[in-house]
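Please find one structure pasted underneath; my questions will follow.
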Amino acid sequence: MFRAARSSLSLFVVIGALAVLWEVVKLLGGDPSEAWTPPFQWTVASDLNMPHVWDIAASFVQPAQRNGPPLGLVLVNAGIFTFREAFGGFVFGAVLGLALAIVFVHSSLLERALVPYVVASQTVPIIAIAPVLVIWLGGGWLAVALISAYLTFFPVTIAGLRGLRSPDPRALELMRSYASSSRDVLWKVRLPAAAPYLFAAFKVAATASVVGAIIGELPSGIRDGLGGAILNFNQFYVSGPPKLWAAIIVAAIVGIGFFALVRVAETVVLRGRVAPSDA
Amino acid sequence: MTRRLAYYVPAVAVFVGVLGLWELVVRAFGIQQFLLPPPSAIAFAFVEHFDELTTVGRNTLVEAVGGLVIGGVAALVVAFATARWVTASRTLLPFAIAANSVPIIAFAPIMNNWFGILNPLSKMMVVAVLVFFPIMINTLRGLTLVDQASLELMRSYAASELAIFAKVRVPNALPYIFTALKVSATLSLIGAIVAEYFGGSRSVLGQFIITEAAFFRFANAWAAIVVASAVSIAFFLIILAIERVAIPWHASARIADSS
Amino acid sequence: MSDSIVRVRGVDKVFGAGADKTPALQHIDLEIPRGAFVSLIGPSGCGKSTLLRLIGDLTQPSAGTVEVNGKTAHRARLDRDYGMVFQAPVLFDWRTVQGNVELPLEVSAKDRSARADRAKAMLALVELTGFERRYPWQLSGGMQQRVAIARALSFEPAILLMDEPFGALDEMTRERLNIELLRIWKQTGTTIVFVTHSIPEAVFLSTHVAVMSARPGRIIELIPVDLPQPRNDLTREDERYFGFITRVRERLRGREMGRPGAAEVAAS
């Protein structure tokens, strides 16, 4: 409890420090105003490129479009939409990833045949195959979730493979001495041993799934999520720079939030086993 | 030697089998090119557009490598600077990890505005930010997660902090750094391609793929995808080779790659 | 004992504070003559490692003083009077065998050729000539521990502190290394403080065995072991050797002093 209070305090301190730093940069090299002429002129620090912190904050309550709902509400909805895609992708990816790991642990032939392609799959620029997937699946929520799953399954498979192999060989021999089935070995020895590895991978996967969802939205023409919002506000950037920044902030919150959620789940599930790793 | 080769037989068999089946299915069911071009069409497109693919591939690779260098150097500097103060790095690490779960590609349009949409630097910066956190986090871990007994040993020699840093912490961090670099090699190429999606020079892999896909010339798009993935694998292998040379002692006592 | 290299006087060591307060050592007095081979023996958790670390200035006493080589333990550490060997070899993966042995010399800024010569000599001492270019993982556990000993000896420490150095090795390797360690001790004339769990090992190696008790950690008795030097495989068959073993064992069980132990009987 005390720790939670302290870490959220330091969170505010860091965010505050970032905001102050931001404004200091603008004071040094931003656009001149009546009250103050900055000593330098940096294009990066202009109001167009680095809107004032308060302008970004204000943009959340101003309407996104004339007579529309406030930007904050629009972005929250977009954030929820993207999170849903990401969560779908996360679940698909985690299940597929773990299933592959279990198969590979039991069949060295399949492992040798397929693991190289599992690794190679991550070198394929997902954004490039997204248009193809969208055509196949008829651009919708599902296509984006699948794209997200494509980025998610990989860390789970790799960590799962390592985790399922992690039990002490003596523990496996002990189970064999009980003449237990390989299913028992899986449930009673391998999976519990793999749990910490899996959670480490889930945390990576949570981030990857949000990235996947945002990337997936770009070529699929879906405009209800954060990817769509970023694309949209980028197009009309000149008319409202703070809006793009607001969208990025919400994207960051979704990413960090999903990560934090998995972290909490890890703490609960692995309670009393090991201290939660910090990654 | 033959045993080693035998190890790869299943993987090669899958490769040949999948390509064959793919070709066969596309032909047998008369699947439209825009849904799934057969491998032969992709190979043909590759040959036909070889020159263009080399150009766009090279341009994208420059962005990726440039970004990796910028982000990697920045990450190493920050990690080395903060590792000297244990409390500073302990406070920093959770925030770096949180920042690492921010979808960095969202910054691509911002970088276009900052550095100029046609300037390759705008793509490099996306890559730089993308690889910064994994490299920094791993380096910091490598510098701080040092065997307690090693530190005690150095203390018994009355070694200075500097000597401990140079002789224990840095060598301990090298495998962590290489692990991060291997991940970042792939990441940098994907990051560059995604950044290209937000506009800029047309003579890059990302734009090539988008354009060809938009005109339903999927064989060309797939040829470019194959190039992207081949370049990325080559980049990874180069870093792997450097690792083998730089930390030969580690090759056999390989610690688990942390991701 | 006028020429004591180690003087531990009235030392208490308490870990933690408040409710977690653990008294690890209580009122320790110990004098170690120069050139001696002293073993610390006692049940697990009685504070053997803590006492060793106090002597080596890796931790500080809560009360009392530790003097080494006529100065404070801290001063002695800065003067590089210590060689340390732990239960694990603690070799650096990224250094060759020779590189590991040279490490303390590098830290004390010896020049390169002097370092190489010294490392070669130390490796010869532990009979590892020919393994200079190997990496630690290419060696067996016993060989790794010998590298650790060579490393500890490389800058001619006034005192060698060893914490269960052979605890993880098999019995045969351990007996061979015991003989080697005695030879090295004779050859270098260094003082050795040696922590062990094994009564026969303590008796075989030592000129003095310090028997410790647990909770609170104290030295019950410092038993001089006057078996003839040099010791060898015949020592292990000596009747008095068994006498000392019995005596240490009884002291560990907490028998009263004054009652004639088997050792005295055997000795007379």
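Letters are used for the chains, namely A, B and C, taken in the order the chains are written, and counting of residues starts over at 1 for each.
Everything that follows uses one rule, which is that a residue touches a chain if its C-beta (ideal position, glycine included) is under 8 Å from a C-beta of that chain, and two chains touch if they have at least 3 such contacts.
Just so you know, these numbers come straight off a predicted model, no measurement behind them.
If you sketch which chains touch which, the chains link end to end in a single open path, with no loop closing it.
Farthest from chain C in terms of Cα centroid separation is A.
Inter-chain centre distance (chain A to chain B, centres taken as mean C-alpha positions): 17 Å. Once the centre of each chain is set as its mean CA position, chain A and chain C turn out to be 53 Å apart.
Here the CA centre of chain B is 50 Å from the CA centre of chain C. Only residues 56, 58, 77-80, 82-84, 86, 88, 90, 92-95, 103-104, 106-108, 135, 137, 155, 161 of chain C touch chain B when the two sit together in their complex. Against chain C, the residues of chain B that register as touching in their complex are 147, 149-150, 152-160, 163, 167-168, 171, 174, 247, 249-250, 252-253.
If you check the complex, the residues on chain A that touch chain B are 7, 10, 14, 43-44, 48-49, 109-110, 112-114, 116-117, 120, 122-129, 131-132, 135-136, 155, 158-159, 162, 200-201, 203-204, 206-207, 210-211, 214-215, 218-219, 226, 230-231, 234, 237, 241, 244-245, 247-248, 251-252, 254-256, 258-260, 278-279.
Those residues of chain B that touch chain A in the shared complex are 7-8, 10-11, 13-15, 34-36, 91, 93-95, 97-98, 100-107, 109-110, 112-114, 137, 186, 189-190, 193-194, 197-198, 205-206, 209-210, 213-214, 218, 221, 224-225, 228-229, 232-233, 236, 256-259.
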